[in-house]
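Let me begin by handing over the structure; questions about it come next.
So that you can tell them apart, the chains are marked A, B, C, D and E in the order they are listed, and the count of residues begins at 1 in each.
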Amino acid sequence: MRLRKSLVMLVYLLFVLVPIYSLVNMSFKSNREILGGLTLWPTAPTLDNYRVVFTEPTWYTSYLNSLSYVSMNMLISLLVALPAAYAFSRYRFLGDKHMFFWLLTNRMAPPAVFLLPFFQLYSAVGLFDTPIAVALAHCLFNVPLAVWILEGFMSSVPKEIDETAYIDGYTFPKFFIRIFLPMIRPGIGVTAFFCFMFSWVELLLARTLTSVDAKPIVAQMTRTVSASGIDWGVLAAAGVVALLPGIAVIYFVRNHVAKGFALGRV
Amino acid sequence: MGWMAWTLPTALFFAGIALLLVAMTVWQTVSPGRERKGFLPLTTSRGDRLFIGLLASAYGHLLVLALTDWPLWVATAICATGMAIIMKWG
Amino acid sequence: MAEIRLEQLAHSYHRAPSQPGDYALRRMDHVWEQGGAYALLGPSGCGKSTLLNIISGLLAPSEGRVLYDGKSVNDLTPQDRNIAQVFQFPVVYDTMTVHENLAFPLRNQGQSRERIDDRVREVAEALEIESLLARKARNLTADEKQKVSMGRGLVRDDVAAILFDEPLTVIDPQLKWRLRRKLKEIHQRFNVTMVYVTHDQLEASTFADKIAVMYEGQIVQFGTPRELFENPQHTFVGYFIGSPGMNLLDIALGETGLEFDGRTLAVADSIVARLRDREGGRLQLGIRPEFVQLVAPESAVLQGYVDLVQDQGTFKIVDVRLDTPSAPVVKARLGEEVIVPEGRTGVHFPETWQRFYVDDRLVEITHETL
Amino acid sequence: MFDIKHASSRRRMPLSIGVSLAGLMAVSGTAIADQYQDAAKRWLGDEFTTSTLTPEQQMAEMQWYIDAAKPFRGMQINVVSETLTTHKYESEVLARAFSEITGIQLKHDLIQEGDVIEKLQTQMQSGRNIYDAYVNDSDLIGTHFRYGKVVPISDMIEGDAADVTSPTLDLDDFIGLSFTTGPDDKVYQLPDQQFANLYWFRADWFDDPDLKARFKEKYGYELGVPVNWSAYEDIADFFTNDVHDIDGQRVYGHMDYGKKDPSLGWRFTDAWFSMAGAGDKGIPNGLPVDEWGIRVEDCRPVGSNVTRGGATNGPAAVFATQKYIDWLHAYAPPEAQGMTFSEAGPVPAQGNVAQQIFWYTAFTADMTQPGLPVVNEDGTPKWRMAPSPVGPYWEDGMKKGYQDVGAWTFMKSTPEKNRLAAWLYAQFVTSKTVSLQKTLVGLTPIRESDIQSQAMTEAAPKLGGLVEFYRSPARLQWSPTGTNVPDYPKLAQLWWQYISQAVSGETSAQQALDGLADAQDRMMERLERANVQPQCGPKLNEPRDAQYWLDQPGAPKPKLDNEKPQGKTVPYDEMVKSWQKS
Amino acid sequence: MKPYNNKAWWLVLPVFVLVAFSAIIPMMTVVNYSVQDIFDPSTRYFVGTEWYREILADPRLHDSLLRQFIYSFCVLAIEVPLGIVVALSMPRRGLGVPFSLILLSLPLLVPWNVVGTIWQIIGREDIGLYGWILNSLGLDYNYASNPRDAWITVLVMDVWHWTSLVALLCYSGLRSIPDVYYQAARIDRASHWAVFRFIQLPKLKNVLLIAVMLRFMDSFMIYTEPFVLTGGGPGTATTFLSQTLTQMALGQFDLGRAAAFSLIYFLIILLVTWVFYTAMTHNDNKE
């Protein structure tokens, strides 16, 4: 049983890793080698692609821009979603189900047409080309997701825990922070990761709401395509570097994600 | 707000939806309804029936636009009737 | 049905435990006899659940052995030990009906349908959940769910023992009482070994024939409720059992006998002599509030003034602050009819109810009157 | 990788720095040089050493910029262009130079071409300023002059920008000015970089006596630069199927791209139909029917379907599309079908393609790098560029191919002060002080004076015919999309959708083009209905029988009985001579 | 049953305000667009329901829609079971946990255009590993010209890209099952299958609902990756709805028509999601 499990995992990870490897492989090659034929490792490894990404200001500032709006978004999403998810998981109130479903519908609108109104809206309030604009815009799809995931996790915590805590004399905020949040750690970890992830890779909104000062990395990447060819190597290097913050995030939340919870004493 | 490209019909449409929501809230507050089972294959509250009615109306309009040459108000009339039926007996 | 014996059992969650504090369970030997109803009583974190999980096999002990009827079961999985366990929070299979829940352990054993039905009905009837049998378990209230959890433990009649891990935590007080009665009845009916973990002494004493009190990873006393009350073997037992707990006063052996805050207590010479034989450090006098007598100030060695009177309905609890240098409070539990003196009062400890502890352990003294 | 090392490995002008400094002192007189002049001196000494101006003239020009920029100092200006070697040079070098010399904080943003158009469209449609200036292809000339959202630079020069227009701008020196001029004779955009689509071939293989003999034997005429499509097709077939491999490497006689992608449309809207001869005669674009097949009457587009007098789905267009598909499948490397314009561009540099009918000279810099299979030891290329062959419907007096002019565009919705500051930058990056240096880096010449310069003559042998092409008057036969197209972004998007269906064989070429023509007419009909274009907006003809229009002279032309005339080639050297003659 | 308490609205209010700002205003604008031919805010032409009629009658869009449904169905049918299996195969403790978590989440972190690029390269027969292997095995694989290969490649790419999402959700869902459930099951002598069927699956329901809906919505709106990979080709073989939409809205800036299209698109997703959602949560409300 254990062996079979490990085998499944191994095969799947291999499937996941081969394309990633080819990306890393590409990032250490010159364009000439990339297009010259199939090589399983760089025959003439070069760091030129990374040099471009790390030394050109437009590249590294775009990383910082992305990081700044993504972390803002993560923070905002979690802060507003936690109480809301608690409300949905524990109470009934006027229009609760419809409200919940309406939140979900915000992920359903195909974004292309909404870009111009978005641009207009954020320009009108003077936020165009700032990280906060992108952070707020990404809340549109991240907050519903956060509410949704957290609600799921909160619902799987037995209500009896709340009741016991109240009987033991906890106030709501104290209970929520001291007892409840630690119990849904896997949920918070996974939510934080998803908020990060969806915001990090989102292209259309981020590109539309910025021009120069807050340009995100995903938009910066598109400039590797030009009238005189695609700069595969730099694109690959930028892609590899784009993986790193996500790896850091998953590394930090890994304990939360992996933390099972025991229904211990309150 | 010029950029929102308002037209009279859409303004009326949204005003209608807003009014409907306000009315439903007031109604629910004044005389709370309860969930019940009508001809629809699931237990519904008033709000659910409103949602189902609106969704059905949207599809109704699209259907009329897709399959017929009827003017739109015919579709609207049919959908309004359907809406009333769903609200009352759904 | 089995006798459960713990041999040199100890457990630590550390990889390499080096000091006593690393142990969740300190080395112990203990026997649960076949067919007994036992309670395992202790405060949070004393190791009760650890012990229970070791008995059931969910946890492998780091040292020592668990024997069922003399045979070591250390290497057996919970399913092979054939044991039932009911957890603190209700564990029900949400998607199943109550009936399916109760039948689940029997089905897994491959029992026949008729037999399963019979047993399920029997248990459901005993737990008074017959009316719920057709319902989905998900929609039950917490106490109903817990009854189902218990039912799953009870439904197998071949189990070596049924272990309860604070099963009534989530249940309303009124229901708790009824459920305890129920368990007791069931115990009598099915004659199965039951070990009941709780931190509530009342729960323990209504359910169990004998109670094991645990403190810091050790069983400090194992006895009937009466023994625990009258003869606490350990200051912890004295303090933990009873409401309020035992009064404990630090005393010293002086030239003239037993001294408390500089006053010599009137104690039989034989006792003083017995205590003088004892080695060790801290010496304490323990007396249950129930046995403390309030007398006229002039007729007692110890005097104080009444600090607080709590009327509990059928009895009163009186806090007397002694006028000795450290001004300790002695609690007395008096009957409803007793008139509590106002202001100064004398305090008297009847000799037969005085207990002496050296380093928290009881010094055995035979009283002629006991 | 684009490398701007060119900038540092530049040839030095014979003048020494000492001389230039002396001259400069003379210009500024006794005044203590301020930080801006210091910056100018530094840049002239370090970077802009190759110029058609003397150092004194350069410094004088810079002094004008320093003075003109005074009111704008400290402003933050954002401009944008597509990613291209030339623009990269502007963004990384010229923008910095401009900021230091003028005190205007200028950011030159680089994004994908499609994104430039998207930002431009967003600004046009929202009326909110995103960038203060855009470099955008002159393909949009018809769009810009009709919508009236762009400030024509001729208006600026005479109007609010009179004080900030460089006296040394020398507008007539720009070779692409006709492409950015509307039918109203106003200049709408200022050219910034320019490249053409030419025929590309491996001169070393074409000179190989063995191959020449084999070709002659099979087809009866010499292997050389194909003049018509028949010859191109023969040569493609010859290399792909007869030669098959050279030195053990599989070679192909044709290279193209076929992925469903917007760039698939460019291939057609840029030049394919004009090369085939689908439009009317006229330079820079056919009149009344251009290479898109859109007919205009009195500057108003009247239709693109043959039934309305257009030629988008005429026999010539169908023929061209069919040829494109056939050749892609029969003669190009199999992976070409999955490539876009950007991916296919560098493929000939890998050394297994014999010829390409339609090749962007923007690739020149990348194709002359030492070490490539297509470059000789001494740094001269093994390949050459030449005029593309023309199809059977082509006639003298028609445009021969595509030439792209990326040009500075200013929007009315940009705040005036920002626009004027950006205008200064636009002039700076095209000024004679820097433009030769920029041309040598990016090989996208815009000024006649640069093309005729000594530096270009010196560079010519390594550029495979680029300089010769630009020095010949024949270059006017290459032009971008013209003024017939009323809304380039909306219409251009239709092309790749329909063409791709024909490529995959889902529909026939005729069906695809019929669909395209209808979609185009529908779009123009909407422009007409909404009356959004105040001048020269579309006014569609009523559809009538196609035959009526085919019977009229000019485009749409009726189907030829023989679409494959005898193949014809010329030796490369003769072709070059004819260029120089004309 | 949950207690009824309208004060809970205060907890939801921040979310409501935040999302309403970004959602309602643009949505209204799009509805306004959809009845007009928009060129710019000042130049627009009222067309009523013309765009709706035109789009509903467009056979090319019907084909795209059908393709879209098949695609989403395949995505769900492959990724959900696979994701569960992967989640169940995750190590429960030890170094393997962070290791597998990081590796598993890698595909999710690759920007979408790069995802397309990776697969574009890896599927090429001349320079890509998979393309090369397949062709070496004698299969005539070319995703650029063969519609079947294109479909398979797009699907495999999606599976590669998104199965991890399902797996991560399920894994965290599995982790949130209290240990006592497994303990109780051991004591009840439940088999592995019974543990999965009666403990894991029911407790996974919440996260699975999220996973199914997310994957449905996202796969139904997929754009960037297949666009980079195949551009929707060959021909229209992998042209999904959002490609047509994006081309209309961003390429042509044909906002009115795109708005109508997008609203119809939205209604389709809304209906399907609602049906899913109602079906999957309905049991909760029933007795």
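Quick notes
Here is the rule we use: a contact is a pair of C-beta atoms (placed from the backbone, for glycine too) under 8 Å apart; a residue touches a chain by one contact, two chains touch by 3 or more.
Because the structure is predicted, anything quoted here is derived from the model rather than measured.
Graph distance from chain A to chain E, where chains that touch are one step apart, equals 1.
Measuring from the average of all protein CA coordinates, the nearest chain centre is that of A. Inter-chain contacts peak for the pair A-E, counting C-beta pairs in contact. Averaged C-alpha coordinates give centres for chain B and chain E that are 28 Å from one another. Look at where the CA atoms of chain A average out and do the same for chain C: the two points lie 51 Å apart. If each chain is reduced to the centroid of its CA atoms, chain A and chain D end up 40 Å from each other. Residue positions of chain B touching 2 or more other chains, listed in rising order: 3-4.
Contacts with at least two other chains are made by residues 125-127 of chain D.
Among all residues of chain E, those that touch two or more other chains are 25, 29, 33, 38, 41-42, 44, 126, 178, 180, 203, 248, 250, 255, 270, 274.
On the side of chain B, the complex with chain A involves touching residues 3-4, 25, 28-29, 45, 47-48, 51.
Residues of chain A touching chain B in their complex: 94-95, 97-98, 101, 117, 120, 124. Contacts from chain C toward chain E in the complex involve residues 53, 56, 58, 77-79, 83-85, 87-89, 91, 93-96, 104-105, 108-109, 135-136, 138-139, 149, 152. Against chain B, in their complex, chain E makes its touches with residues 25, 28-29, 31-33, 35-36, 38, 41-42, 44, 46, 48-49, 52-53, 56-57, 264, 267, 270-271, 274, 278, 282, 285-286. By the touch criterion given at the top, residues 37-45, 120, 124-126, 142-145, 147, 230-237, 239, 247-248, 250-255 of chain E touch chain D in their complex.
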